[in-house]
Amino acid sequence: MSFLEIKDLKVHYPIRGGFFHTIQDYTYAVDGVDLSIDEGKTYGLIGESGSGKTTIGKTIVGLEKPTSGKILYNGQTVNSKRARKKLGYNKEVQMIFQDVFSSLDPRKKVIDIIAEPLRNYENLTKEEERKKVLELLNIVGMPGDSLYKYPHEFSGGQRQRIGIARAIALNPKLIVADEPVSALDLSVQAQVLNYLKKIQKEFNLSYLFISHDLGVVKHMCDYIYIMHRGRFVEAGTREDIYNNPIHIYTRRLIAAIPEIDVKNKEKYYMIRKKVEEEYNNYSSLFYDEDGKVFDLIQISDTHYVAIKDKEALKNVENNIA
Amino acid sequence: MWKTILRRVLLMIPQLFILSIIVFALGKAMPGDPFTGLITPDMDPAVIERLREEAGLNDPIPVQYKNWIVRILRDGDFGRSYTYKMPVTKLIGKRAANTLWLSLLTVILTYLIAIPLGIYAGRYNGSKFDKAVMVYNFISYAIPRFILGLLLLLFFGYRLKWVPTTGSVDLGLEPGTLDYFLSRLHHMILPAITSAILGTIGIVQYLRNEIIDAKTQDYVKTARSKGVPTNKVYTHHIFRNSLLPIAAFFGFTITGLLGGSVFIETIFTYPGMGELFVSAISSRDYSVINSLVLLFGFLTLLGSLLSDIIMTIVDPRIRIE
Amino acid sequence: MSNLEINKNYVTPNIDEETLKALSREQSFWNVLKREFKVDKLATACLIILIIIFAVLFIGSALLDQEEVMKIDLKYKYEPPGDKFILGADLGGRSIAGQLLIGGRNSVLIGFAVTILTSFIGIVVGLITGYYGGKVDNIIMRICDFISILPVTLLIITFVVVIPDYTMWHFIFIMSIFYWVGMTRLVRSKALSESRRDYVNASKIMGTSDIKIMFGSILPNISSIIIVDLILEFAGNIGIETGLSFLGFGLPPSTPSLGTLVSYARTPGAMSSKLWLWLPASLLILVMMLCINYVGQAVKRASDAKQRLG
Amino acid sequence: EEATAPKGNEEEKQEQKQSYGKVGNIELPYPTVVKKDGETVGGTLNVALIASSPFEGIFNTFLYENSDDSSLMQPMLCGFFKSGPNLEMKDSNCSINFDKDRKTVTLKINPNLSWSDGVPVTADDLIFVYECIGHKDYTGVRYDRNYMNVVGMEEYHAGKADTISGIKKIDDKTLEVTFKEFYPGILWGAGIPYNPEPKHYLKDIPLKEMVSHERVRLKPLSCGPFMVSNIVAGESVEYVPNPHWCGEKPQVDKIVIKRTNPDTIAEALASGVFDVVDGISISSYDRYKDLKNITLLSNVSRTYWYIGFKLGKWDAEKGQVAPNPNAKLADVKLRQAIAYAMNNKEVAERFYHNLRIPANALIDPMHTTFWNEKQEGYDYNPEKAKQILDEAGYVDVDGDGFREDPKGNKLKINFLSMAGGEIAEPLAQFYIQCWRDVGLDVVLQNGRLVEANAFYDMIAQDNPEIDLYMAGWSTGSNPDPQGLYGRYAQFNYTRFASEENDRLLAAIASEKAFGEDGYLDEEYLIKAYHDWQAYVRDQVVVAPTFYTISLSAINNRVNYWDLNVVSDWWWEKVGLLSDTPEIAK
Amino acid sequence: MEAEKILEVKDLHVAFRFQDKYYDAVDGVDFTLKRNEIFAIVGESGCGKSTIVNSIVGLHDKNFTRVSGEIIYDNANIANYSEEEFNKIRGRHIGFIFQDPLASLNPLHKIGKQIEEPLIYHTDLDKNQREERVLELLNQVGINNPKRVVNQFPHELSGGMRQRVLIAIALSCKPNIIIADEPTTALDVTIQAQILDLLTDLQKEIDAGIILITHDLGVVAQMADRVAVMYAGQFVEVANAEELFDNPLHPYTRSLLQSIPQSDSLGKDLHVIRGMVPSLRNLPRKGCRFAPRIQWIPESEHEENPELREVSKGHFVRCTCWKNFHFEDEGGN
């Protein structure tokens, strides 16, 4: 049951230049994507830097205006600020930011940070509010004495957990997690990922999990979208993507994962070289002359890939997979 | 780039236009008129009345404004100075040349003083030299311009007789000859030094901070890691980057000097624009006031344009297309 | 999912309110500032000197009767410092010391008022343009540009001439009209970058109103820079009318000020042989500026974690 | 040579008296003349022009307006006329004859006088001046009622005539001018050009462009001892002897006049930068008065200062003043009290080093004969002021320390004073204190001094707030007060008028001023002037405060300098006794 | 055949000054680097990795840093060389690649000039030769149109290109040692793979030893010959890459490996190391530094003054706690 649907979303940023900052051209940050989100599921969004992942996330929570396309929440458009307000949309969709540190107001204490959404939507007394904040801290495994500390007194992982506590304060249905762990060390990353999973189970949350680390995405997500140049190049379940990647870009991504397997070092090296070659050889099947990604074609119940046509698909299946 | 410069220049027109209205209205709001100063017992009041009539001062103010602006636009005629009995353009032209020369020399001296001071203070920050520079900075900040000017004039002009005490050039020299040029320089040097000493304050401070800042930049580390000799690291990597904001302020520095010229010119009896401005105000020499204000406004606009252009030239990150 | 359920799973941990408060105080700006002053003896000394100066100026001038001080007594024209007048007397036989107190107070008041007024306008306008950006920013910045091409001297002189009952407050007001632009520019540039930070985005997502974000989140975050600038501007504004006094368009003479006193230096001969006329005021300005500046530096360090000494 | 005009016995006496340092009963602090024997060495005479802004540099006697330019032209002028003891016109390089009955003036130019290009000065050069002033394109200030008084001038101005009918060239060197009315002002040169201008040199320049033409600005001709050799516009002028000068050969090789700033003049004198500083400002007096390398000269000037009372308004329709009998200060007793309350003596002594002299009348002491030195002024007498006020019913009824008017209404008097110089402000405060001491509630209008233009604007517009104001007049060579106190005078800023005043002023301007010889009847005029002085003293139309003594500083190497009005001195007589200026130790 | 040792670090201590006290950020590090070897240092952020390499090329601010111990390069101890002495080594014998390619390039200089700079100071090449060499280098690092790139400014290049430029700079004088401080952290995976492969290729060409710093164990596995695991200013385990990943001994190494999301961890919680990395000023100076984070291991299991000991050939471990280490949820034995 999708409660959130995104239809043909496009976000184009003007490139301004010159003295007057007039619009010279557009960055096609997001250029026509469809996405639907069910309750309690995690959706992965992977792609290279600058492919438009954050932009999608921001548009969903309402920080960016779509250039065209629709965002439907329970069937109703929430493109405008007013509509979002009316539907209580902002309560339901929250975000965890890529740059943890900058997403916490350095001048506010933890209690004020976590209580901010509560103050906006719920009329709690000071006492109730503090209790609630403590509960939230508890959920993300932070000690109670964090309450009156400032963000800079915490480690990266702890900060990220504060961000999570804030995001879940209003019991949202969806959290857009924009690279929540890519700035963190391994051990801390594990911590945060564990909490995200735990909370999901408890609150039946959905995540839109943005990352470029395929290992992490694999660990977290049920359904994965691969993004390139503002469009989806492949979408499917975890198994679809990892076991049967079709699109050359996906394949390249997977090949680039540094595996912890010292003995087969050479083998991986060869694979990378091979995929690289493939990428160069077959790109015309996956990108048109302008380098634009083709539309998605369904190849199984859950698996979609952006390819020129069915014929090309066969060609690819025979030659590569 | 030329196109944008042209556009910027065009944008000046409405700004100057509004400025012209404001300054005209203000001029008229000042009590008295250019002929108030003629009042003596010998003077026939009818003559003053006649002069007022001839000058159009008895017309309604909007009509006066219209006449003035039309004459400027149609004939390029900025009117005549009542006091100096000559076309304003000619009068201001001479004075402006004086002020601009003085400003130019001041700028050169300012940079000659400020840059080494700022650089050494920044490079060896915390050293005795740095502290001395800071003290110098404060003292020159607190000393009003005219006190410094008078002190220098009394000492170098009258006591030591190293420099002339009045005027801009010696008598009987042909413009264009070397002697003429040297004489001008001789007359300008003390006022320019005075101005420069005061002008260095901001620059020294700024440069020092910039250099301290630049020292910790990653690219400086890169340069060091390349084995670039320390002095070269400073000259090639730190200075240039630190000078950037100062270069950007160059345009403003010039206009700032024009604005501050009145004190220096008054003390050194140096006939320039600033001094002309103040005396024009006290004699209500409208056409001079108006034209000077427009000129100042224009130069300020030009200064900021110049700053922008310099900025784009020295900083490749900013592009004008 | 209700709140009740959360309660079941997670028991509120017991914590001591007082320790928490203590913890929170530890890192507050004031504490950091205190520590900064503790380390920086020079700044502390400056602060003390400043406090003393201000106290003397304000208490002293309150005790003095301005009319009495400004009373002409030709017997004491240019009386050098001595028994009758500690710091000597001016052309009208008026005590320089008295004028220094009153003038110092006036100048400090002017500096303070101008700083406050310009900053107030500057902060509000700067925050709005920086936060909203786009068209709002464009329009306001054009207005700022325009104000900066106005010939301030002329306009001030004109106002001085045009306003009939010209007092210190007019002066403050006029100055403020022109000088808010600088602060606006500063606040705008900071607000511009600050409002792109994710914590602002976070607040937006959580439905916090724009006004609250501007004044509750962005302002506190840029406050340290503003405070530093305020302090330095204050130092600059103390001597703000010296130049105008020099040209004869400063404050009305019934309002003594440091500017007027410093301008006495122009009296022929005062420069070398009647030092008492202008030197005390000049020194007062210098000392105040120096002190304010060092205090400002300490504040600056406190506000920038990278530069902290303590 | 016979260039200088003959002088009467009387004048010689006058000169002697002045050189001893006394004008009327005013003791001059310094001599008026310095004259030293000794060989002169040529050299360059450095003269200061004290001016706060660059000079305009219009070297033309009918176009210039500014006194700086007038100073700059001095070495180039030939002393076309000389001044009598009352500054009236006397023969010099041009002799002048008044014919009261024919209403003509005959001017006869010294036949040896010629321009610096060798062309002789002729009557045409004077006609040229008339024609320029009367020309319809003339935008200067000299086309006034005095010139319109020349027969045919207005027709010429209107373009109805090609020549001015009242001007007749008798021969190359002689000119006769006929006036419509022949009033005493003509004795002081009303409607007579003080100097010729070289017609041959300027006639081809359209009048409109003349003022900015280089022949006026940069390369003027001279008929005096010196001529301009170099000019740096607005800054300095260099003069060399005029080879065609008809008088004595100048003693210096060069004169340089340089504009300088008043602030540093004492240092300039001490360091010998200037040999001559005329009209040196009083504010540096302390600094230069004891310099050993200079000599100070002094003389009275044509200035007097006063406290004015606003007594009415200007009625523009009728073109006359309209006194207001209900003006706050309409009561003459009140005005007397105000006058008595002012301690001018102390001001003169303390503020002005006695270089200002408490004034007793409205004629300046330079017009020595007309000025009634014996007239009693309102000397400082606060007791008398109080007594007068008490008698007139101005008493403090509500106990606030200030007097109310006879009806018991509050009496708050606004005092308007002009800004300028560092003395202005304490001076105004001092007067206010004086008045407050006798119980009059005087306050500074607007709480501050008013900038000069605004001041005159407010005074001229009869700003209703003004009750009292402080101002000064620098009178013209003609002492006739008509233009300042007459009923039809716009400059009568107090707006005082009375029939008696009209009558007394008319007496001064009456034809009776011409004596038997067609020249001025001194006895008659003295009486007329004294009568008027007494009347305005009694009425306290204004309360005169000071006369001014002007000072000049001369370096000890200068051999001859003379501040007397009636004197033989001219620029060619100035010499230098050494090559280098004397410098203060 | 034993490869030639090109760098030897012995008992290196690097201390930073806070107020008036110095705190060791690197606390007794020893290692050697051999020709043609890739030596990786892994560890959490802040454990002192960069501090080590910065002291090898003398990039620390001498006013705030104290370096002691020996860094032997070319038979000389360079640890306390002056800036001038370092300048002879840096760029010529040791190349350095930084983490943030944008910040590490001077924004005002053209790419060509920046690559050329070390050649000016370290070689006798004339201008033309230098230009040729620059183009050659750009070719080597896989930039397609070097002629154009030399005239571009850093901001005009993509992140991957910039990193290549940095590599070109580091390689310009064919150094013996290349230090790569997290060269790919700022890049995404595909670019990362390209850059790392490039680095390996080039290394082989010039026979250099590489010190590679990273916190990505995957990168280590794919690149390194030998690995040092660092914790709180000390090496806790040093071994050949294969050995380390096959047979990790130190509790910290094992915990790290455990916390990587892997196929078999699907559906399970990831392993988390309890507690936090102590900050520099609160570092325990005595005892096993990792002990606070594995509190279920009794204190007696740790050494009092833990040292790095060779447990098998080429495999060093600090402290004895590894012998009895088990994960918390595994239960003791």
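When the chains are written out, they are named A, B, C, D and E in that same order, and each has its own residue count from 1.
In this text, a residue touches a chain if its C-beta (ideal position, glycine included) is under 8 Å from a C-beta of that chain, and two chains touch if they have at least 3 such contacts.
Note that the coordinates shown come from a computational prediction; the quantities given were computed from them, not determined experimentally.
Think of each touching pair as a link: the shortest run of links from chain A to chain C has 1 of them. Listing every chain that touches chain A and chain B alike gives C, E. Shared contacts of chain C and chain E, meaning chains that touch the two of them, come down to A, B. The count of contacting C-beta pairs peaks for the chain pair B-D. Ranking all chains by how far their C-alpha centres lie from the centre of chain A, first place goes to D. Measuring from the average of all protein CA coordinates, the nearest chain centre is that of B. Chain E has its Cα centroid 92 Å from the Cα centroid of chain D. Distance from the chain A centre to the chain E centre is 31 Å, each centre being the mean of its Cα atoms.
The geometric centre of chain B is 27 Å away from that of chain C, both derived from CA atoms. Rounded to whole angstrom, the centroid-to-centroid distance between chain B and chain D, based on C-alpha atoms, equals 39 Å. Of all residues in chain A, none touches 2 or more other chains.
Shown for chain D are the residues that touch two or more other chains, namely 263-264, 451, 453-454. Per the touch definition, chain D reaches chain B in the complex via residues 52-54, 56, 58, 63, 65-66, 139, 141-146, 211-212, 229-238, 256, 258-261, 263-264, 267-268, 270-271, 273, 451-454, 456-458, 460, 473-478, 483-484, 489-491.
Of all residues in chain C, only 1, 3, 6-7, 9-15, 19-21, 23-24, 27, 197-199, 201-208, 217, 220-221, 223, 305 touch chain A in the complex they form. In the complex of the two chains, the chain E residues touching chain B come out as 57, 59, 83-84, 86-92, 94-96, 98, 100, 103-109, 117-118, 121-122, 153, 155, 166, 169. On the side of chain B, the complex with chain E involves touching residues 217-219, 221-230, 232, 236-237, 240-241, 244, 314-317. Contact residues on chain B toward chain D in their complex (touch as defined above): 30-33, 36-48, 50-51, 54, 83-87, 90, 94, 150, 153-154, 157-159, 161, 165-172, 266-269, 271, 275-276, 279, 282-284.
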